[in-house]
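In the two complexes that follow, subunit A is the common piece, with subunit B as its partner first and subunit C second.
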Partner chain A sequence: MTRSARMVVFAVSAAGLATLMAVAFAGLPSFGDYSGRYGRIIAQIAIPDRAATNAVTFTAFDVRGVDTMVEEFIVFAAAIAAVALLRHLRGEPEREARPGDVLRPLTSPAVRVMGAALVGPTVVIALNLVAHGAITPGGGFQGGVVLAAGAVILVAAGGRVRLPPDEPPLLAEIVHGAGAAGFVLLGLAGLVFAGAFLDTTWAGHGTPGMLLSAGSIPLLNVATGLEVSGALIVIAAEFLEQEMLAMEPESS
Partner chain B sequence: MTVLTYGVAGWLFLVGLAGIVRSNNVIGVVICLGVVQSSTYVLLLAIGYRTGAKAPILADIPTGTPVVDPVVQALTLTDVVVEATVTAVLLALAVQAHKRFGSLDPDAMTRMRG
Partner chain C sequence: MTAVQAVLLVLVAAAGSLVALTRDPLRQAMLTGVFGISLALLFLAFQAPDVALSQIGVGGVALPVMILLALAEVRAHERKRDDE
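Then we have the complex of A and B:
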């Protein structure tokens, strides 16, 4: 099918879809009027029941904790998929990497200074987001992404990358495995100490707004932060490896 | 107002879909898929909005203040995570496809190889 024919087919079906969406939107509660029962209940019980002041994190890690566990496994699976997809193919030319092969930095000194200056604050922000997930906006997913961004800044602005980049970084692999396992173990701790899988009340109540409050929700956030940052670093490293395979090394 | 707000979600969905259909580069397809998925964020957040309500951070507001729905916000978080992982896997597929076919044009990827 040619591209123009495809666009015609698309235009017809898009018009139909747009009509259906208009009908569907007309049946939704009008904007600003929604008052879902679950949302109201969660806002009411978050502080008295769990001492969690961030109702979104309370929803994600307590009310639907099992769902978030599976979501974490999605990230885990994506990292494994990236490693599996970006492996060396049979018949793909192997570039001989000599020991001591070093890729020269392609970045200017200004970029490198800026990068070095940004890494520290990025990591601090990431730890802050993870630690206060149950109190203020943030949490394991957000903090984990920012933490991985710190590693990406380091590589993007950084000096030399040593060849051969043969395997995913071991530390990141361990961290993302530990994060996924930690979430399940914290769930099992709920089963053992509180009687239900992913029950978060066993770790104590605490004062709302304090760092150690909201039961095991902060711990679950730490596990998620480890998992997400490790997985994203593995994915980024795999893409970096592809980039470096396409690059001609200079021998130092 | 209602039509306009939900219309943004519908428009993002359709415009992203149009981008996927007319794209001649799989990287473009992945980016357009991101646009399609962002329509779901807009829709979810628009549904949960309550006029005059505060953000669902209960730290600094008096007890009982109406807040926007935290359930849809948590769902949006899930949505963002799924989009990020889908993008990563699709880009990895794009890299491999480029190695196989020497091109990123989806129309050039119809050949089968035994």
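Then we have the complex of A and C:
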């Protein structure tokens, strides 16, 4: 097909798409209009029934708890897949470290100072997000990602994650497994103590707005935080082991 | 729609177009982060702070980092092949 013929086909399709889009947009409800019933019900029961002042977390961990569990296992599977795909590619180190070798950091002092200054606040924000998931915006997923970001800052600033060739599991691997298992166990606790899988009411009601309230939703947030942070750190570490650890031992 | 929401919608459209029009993968990875953060601001302006927090984590940090790590990986392989 020549270039001009291609342009004609494109022009016709683009005009057709534009017409359809214009018709579709004309039929949309007005800006900010909400006609769903589901949201109103959630807003009505979140605090009286579950003492969860953050209706979003209440929705994610209670109303559609099983969906959230499956989503969590997507992250879990992604980390496992990254390990399975990348670990067998792991090459032998260029050469063994010898006594007298010094590790020369690749990063500048400015980057290392910034990294050191940022890690603490990042971890505090992450823990804050996880702990207050049922009360204020945030939760296990958000906090977990921020926690993993803290680990990435550490590495980017010049820390090291050399995985030894004999591969003992990383702490993060245990953490992400424990988080995934914890979520399921908390779901089973709902089945045992309250009669339904992932029922969150068995852990007590609490006063809305307090740290320990909203039944088992805070516990589910902690499990999710462990799972997500562990999985992301595992994925990042597997990639990093491959290349960015260019901190090969240098002879002094 | 408030002015802030309108401005952020335009910003997101601009950032998204920049990501799509950039050809250098490294630059694209950095712009993906900028796009992710502008999307997070948009979510905040539309009163969805939970989604905005997820977006900061995923779009602003995790995705660009993964792309960067994958790029580093590809380059390491290319270097190794060139050496041989």
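In this section, the second predicted complex is superposed on the first by the 190 of 252 C-alpha atoms of A that agree within 3 Å, B and C clash if a C-alpha of one lies under 4 Å from a C-alpha of the other, contacts with A are read in each partner's own complex, and residues count from 1 in each chain.
Throughout what follows, a contact is a pair of C-beta atoms (placed from the backbone, for glycine too) under 8 Å apart; a residue touches a chain by one contact, two chains touch by 3 or more.
As the structure is a computational prediction, the values presented were derived from the model and not from experiment.
In the superposed model, A:A149 makes contact with subunit C only, not with subunit B.
Of the two partner chains placed by the overlay, only subunit C lies in contact with A:G138; subunit B stays clear of it. In the superposed model, A:N54 lies in contact with both subunit B and subunit C. When the shared chain is aligned, no partner comes close enough to touch A:A110: not subunit B, not subunit C. Once chain A of one complex is fitted onto chain A of the other, the partner contacts of A:A5 are absent, as it touches neither subunit B nor subunit C. Subunit A has more of its residues touched by B than by the other of subunit B and subunit C.
With both structures placed on the common chain, the touch criterion links A:L129 to subunit C but leaves subunit B unconnected. In the superposed pair of complexes, A:A78 makes contact with subunit B only, with no contact to subunit C.
Once the two complexes are laid over each other on the shared chain, residue contacts for A:V23 go to neither subunit B nor subunit C.
Touched by subunit B in one complex and by subunit C in the other are residues 31-32, 54, 56, 137, 139, 141, 145, 235, 239, 242 of subunit A. Looking at the complex, you find that subunit A touches subunit C at residues 31-32, 54, 56-57, 129, 137-139, 141-142, 145-146, 148-149, 152, 232, 235-236, 239-240, 242-244.
Residues of subunit B touching subunit A in their complex: 1-3, 5-7, 10, 13-14, 17-18, 21-22, 24, 46-51, 55-59, 63, 67-74, 77-78, 80-82, 84-86, 88-89, 91-93, 95-96, 99, 107. In the complex of the two chains, the subunit A residues touching subunit B come out as 3, 6-7, 10, 14, 17-18, 21-22, 25-26, 28-36, 38-39, 42-43, 46-47, 53-56, 58-60, 64, 67-68, 71, 74-75, 77-78, 81-82, 85-86, 89, 92, 135-137, 139, 141, 145, 208-209, 228, 235, 238-239, 242.
Put simply, subunit C touches subunit A in their complex at residues 1, 49-54, 56-58, 61-62, 65-66, 69-70, 72-73, 75-76.
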